[in-house]
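Accompanying notes for the structure given below.
Note that the chains are named A, B, C and D in the order they appear, and that numbering of residues resets to 1 at the start of each chain.
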Amino acid sequence: MLNKVVKNADEAIKDISDGATLMLGGFGLCGIPENCIQALVKKNIRELTCISNNAGVDDFGIGLLLQKHQVKKMIASYVGENAEFERQLLSGEMEVELIPQGTLATRCMATGYGMPAIYTPAGVGTEVAEGKEIREFNGKKYLLEHAFNSDFAIVKAWKGDSHGNLIYRATSRNFNPLMAMAGKITIAEVEELVPAGELDPDMIHTPGIYVNRIFKGENYEKRIEQITITKR
Amino acid sequence: MLDKFGIAKRIAKELKDGYYVNLGIGIPTLVANYMPPGIEVILQSENGLLGIGPFPFEENVDADLINAGKQTVTTTKGSSFFDSAMSFGMIRSGRVDLTVLGAMEVADNGDIANWKIPGKMVKGMGGEMDLVASAKNIIVAMQHVNKAGESKLLSKCTLPITGLGCVKKVVTELGVFDIKPEGFVCIEYAPGVSLDYIKEKTQGRLVIAPDVKEMVV
Amino acid sequence: MLNKVVKNADEAIKDISDGATLMLGGFGLCGIPENCIQALVKKNIRELTCISNNAGVDDFGIGLLLQKHQVKKMIASYVGENAEFERQLLSGEMEVELIPQGTLATRCMATGYGMPAIYTPAGVGTEVAEGKEIREFNGKKYLLEHAFNSDFAIVKAWKGDSHGNLIYRATSRNFNPLMAMAGKITIAEVEELVPAGELDPDMIHTPGIYVNRIFKGENYEKRIEQITITKR
Amino acid sequence: MLDKFGIAKRIAKELKDGYYVNLGIGIPTLVANYMPPGIEVILQSENGLLGIGPFPFEENVDADLINAGKQTVTTTKGSSFFDSAMSFGMIRSGRVDLTVLGAMEVADNGDIANWKIPGKMVKGMGGEMDLVASAKNIIVAMQHVNKAGESKLLSKCTLPITGLGCVKKVVTELGVFDIKPEGFVCIEYAPGVSLDYIKEKTQGRLVIAPDVKEMVV
């Protein structure tokens, strides 16, 4: 019977091997697949190409993979909060490809929607356009940007069911539903896992057809990069 | 001359009732603090939120609820969450009425440079290139000169470009400048600032509007 | 203050004039903007170009506009259940452009997402490809299909709020959220209208930024084309 | 020779546990009635539903809940609703494991014609062109010959094409045919049907598989 539930992160990532291309959901440290990242660190899978909006901070998120030199190439839109990242980049140990955030998101969607490429105006006239096809529609210039090819997508959702249906919470949604559609294999970790039939079918953000494996994550730290508060 | 709060206050006057607005990091974020009374403006955060509210009280901090600057926020009534593709979809299709950004340089043809300084660590463009390529109304909030005292209002950007011909207005500590075919058109000068001083500090083509007036903040 | 609520369908469509291009949500008769269609009939707006997956039945949905010869051109994927439609088409009174359903949906999305065109494999090697650009990506052929240009999008949702946020129910969602993003002006009619703040922000299908006018519809008939039941 | 229920039953044997399946209108819809025991299959409806259940009891008919044939349906456990762009997105990206369609004609290279008869009112292709252009595994369920007694398994489609080289298997009242580079490969014949009869009724290139056997339904 249809049951995509696996025991834990170790089982979920068991067939990810050195040199794999991974998509990792999240924006900053918000909505990142903490359990899977830790499992990737533990298993010491190397030479990874990681597609993720950001690269974590030094001691959390993708930063944990960077610390152990597991990342060969980082594809991201902003990598600002990570000193080790900067060191590896400047020393040439790691490659980085910077992509406008909307282009990154839309290229993920294109993959999940079976569209080989999209046109976006972002980056026209900039370094990003170098070597890319430019095409004018209705008097405005657009770049042709291609869908991604990713072995695995690893996402974090709030709730999920045994069929792989996912619901995200607040801004932790970000890239997660887009990447969930874009992996050859999609792994979802969730805070709450319920049997199929318990989620409202109108309120599912990622239909289970896109998800291959799901497990209930543990010990979420959910670190906050910038706590800003209103004083009473 | 204005401080950064003055710049934010002046930009806030551009807000109209019912506007959807994207405020960048830095001075632009401050604009939210000076909303004109009696109007309702919805703030968009490109990580996937319409309806950004004030920072939370300490006990309401929520790791799942942040703005594009990764700061904890709250939501206003009528807010909605969505994924990043839809977020940039609404930006690209021109649904955001006003976008306020910081910049390192603006050229008198509306080009903007704000993502990269050669020789320094490149952190990335985030959503800036998407915003400047698509937003229909972009106001830049920035200092008129850089730390070396050089004008940031140029005839041509010297730093790597973020977007071409997209900036509509620049508000600095010295004044308000519309970008028109003839260049930077100074429509307001800050209290205590002379037009001659503005001319001295502006490297790009500068035109003083016939009806130029002192800014009221 | 931000309030997109209008009184009724008549007010919502007040500036739609002869010759306009309209998107109309719905699949078959499911999720169609019944109130606005009736108002368009009542006001007798003519020479319309209608973009909608189907053309209703003879006496309901877009069929009501056809009866009164208000439609100049129909852009749809399937127009099978309408005898008057067939008559007008064969007599040359009305033009029709048939588009694959997925292409129709994705072109709406492209409009709402500010993408000038998309690539889809649907129609390659068929009449649909005639005159269109064909391009190969990774060994597979795709057609270039353009975003729509629509003066108004008229959609039906289940619940909505005064900011224009919309939630759809079951398969009445269909084209509605896509078209809601694609009109120069978007009009939404809803079964239940609530003040802003009453809908769960995680569960909104169409963010209000895409919606210009909203009203509570009345007397929904919700006709069913094919009632199929399981006998006890 | 099979009736339409027999064709549906035979196709049902192609279903595997965990499959996501899109069933077209007509004979394909009947496949759902013959699900092999012990497996779970999720039916996709391209109007925006994963997890189609049986027709509702009379008192549960819901105008908002229909399948792609516009029939009232129910949902199964774990179902989800989505818009038509996502629906065709999952079809285009190859997430649907099996697609079963009717056809007017199939060619021995896998071309399919099933949307238009010249001279007759054209109703439209609906989602057919999207399905045949993208689905990774397409089985056609149809009668072997048309009403005039002419073969529908052809060397070349005579009707306007719906999609090129996409059909993987054809099940008719006479047998089961894989589409391979060498043409229609008959792998099973229906009870009471001779291979000679199949040859007579097949206009396209036909190869009898060495291990051809009688169909067990």
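Following the convention adopted for this analysis, a contact is a pair of C-beta atoms (placed from the backbone, for glycine too) under 8 Å apart; a residue touches a chain by one contact, two chains touch by 3 or more.
Remember, it's a predicted structure, so these values are computed and weren't measured experimentally.
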Separation of chain B from chain D in touching-chain steps, minimised, is 2
Greatest centre-to-centre gap (Cα means) from chain C is with chain B
Between the Cα centroids of chain A and chain C the separation in whole angstrom comes to 33
Distance in whole angstrom between the CA centres of chain C and chain D is 29
Cα centroid separation, chain B vs chain C, in Å, comes to 36
Residue numbers in chain B touching two or more further chains are 81-82, 85, 88-89, 91-92, 134
Multi-chain contacts in chain C, i.e. residues touching at least two other chains, fall at 106, 113-115, 120-121, 168-170, 173, 201-202
Listing every touching pair of chains gives A-B, A-C, A-D, B-C, C-D
Touching chain C in the complex, chain A uses residues 106, 113-121, 137-138, 140, 142, 146, 167-170, 173, 201-203
In the complex, the residues of chain B that touch chain C are 17-18, 20, 38-40, 42, 44, 50-51, 75, 77-82, 85-86, 88-96, 134
Within the complex, chain C is touched by chain D residues 45-49, 54-58, 61-67, 69-73, 81-85, 87-89, 91-92, 111, 116, 121-130, 133-134, 160-164
Listed in rising order, the residues of chain C that touch chain D in the complex are 27-31, 53, 76-80, 86, 89-90, 98, 100-106, 108-109, 120-128, 158, 168-178, 205, 222-232
As the complex stands, chain C meets chain B at residues 1-2, 111-115, 161-163, 165, 181, 195-197, 199, 201-202, 204, 207-210
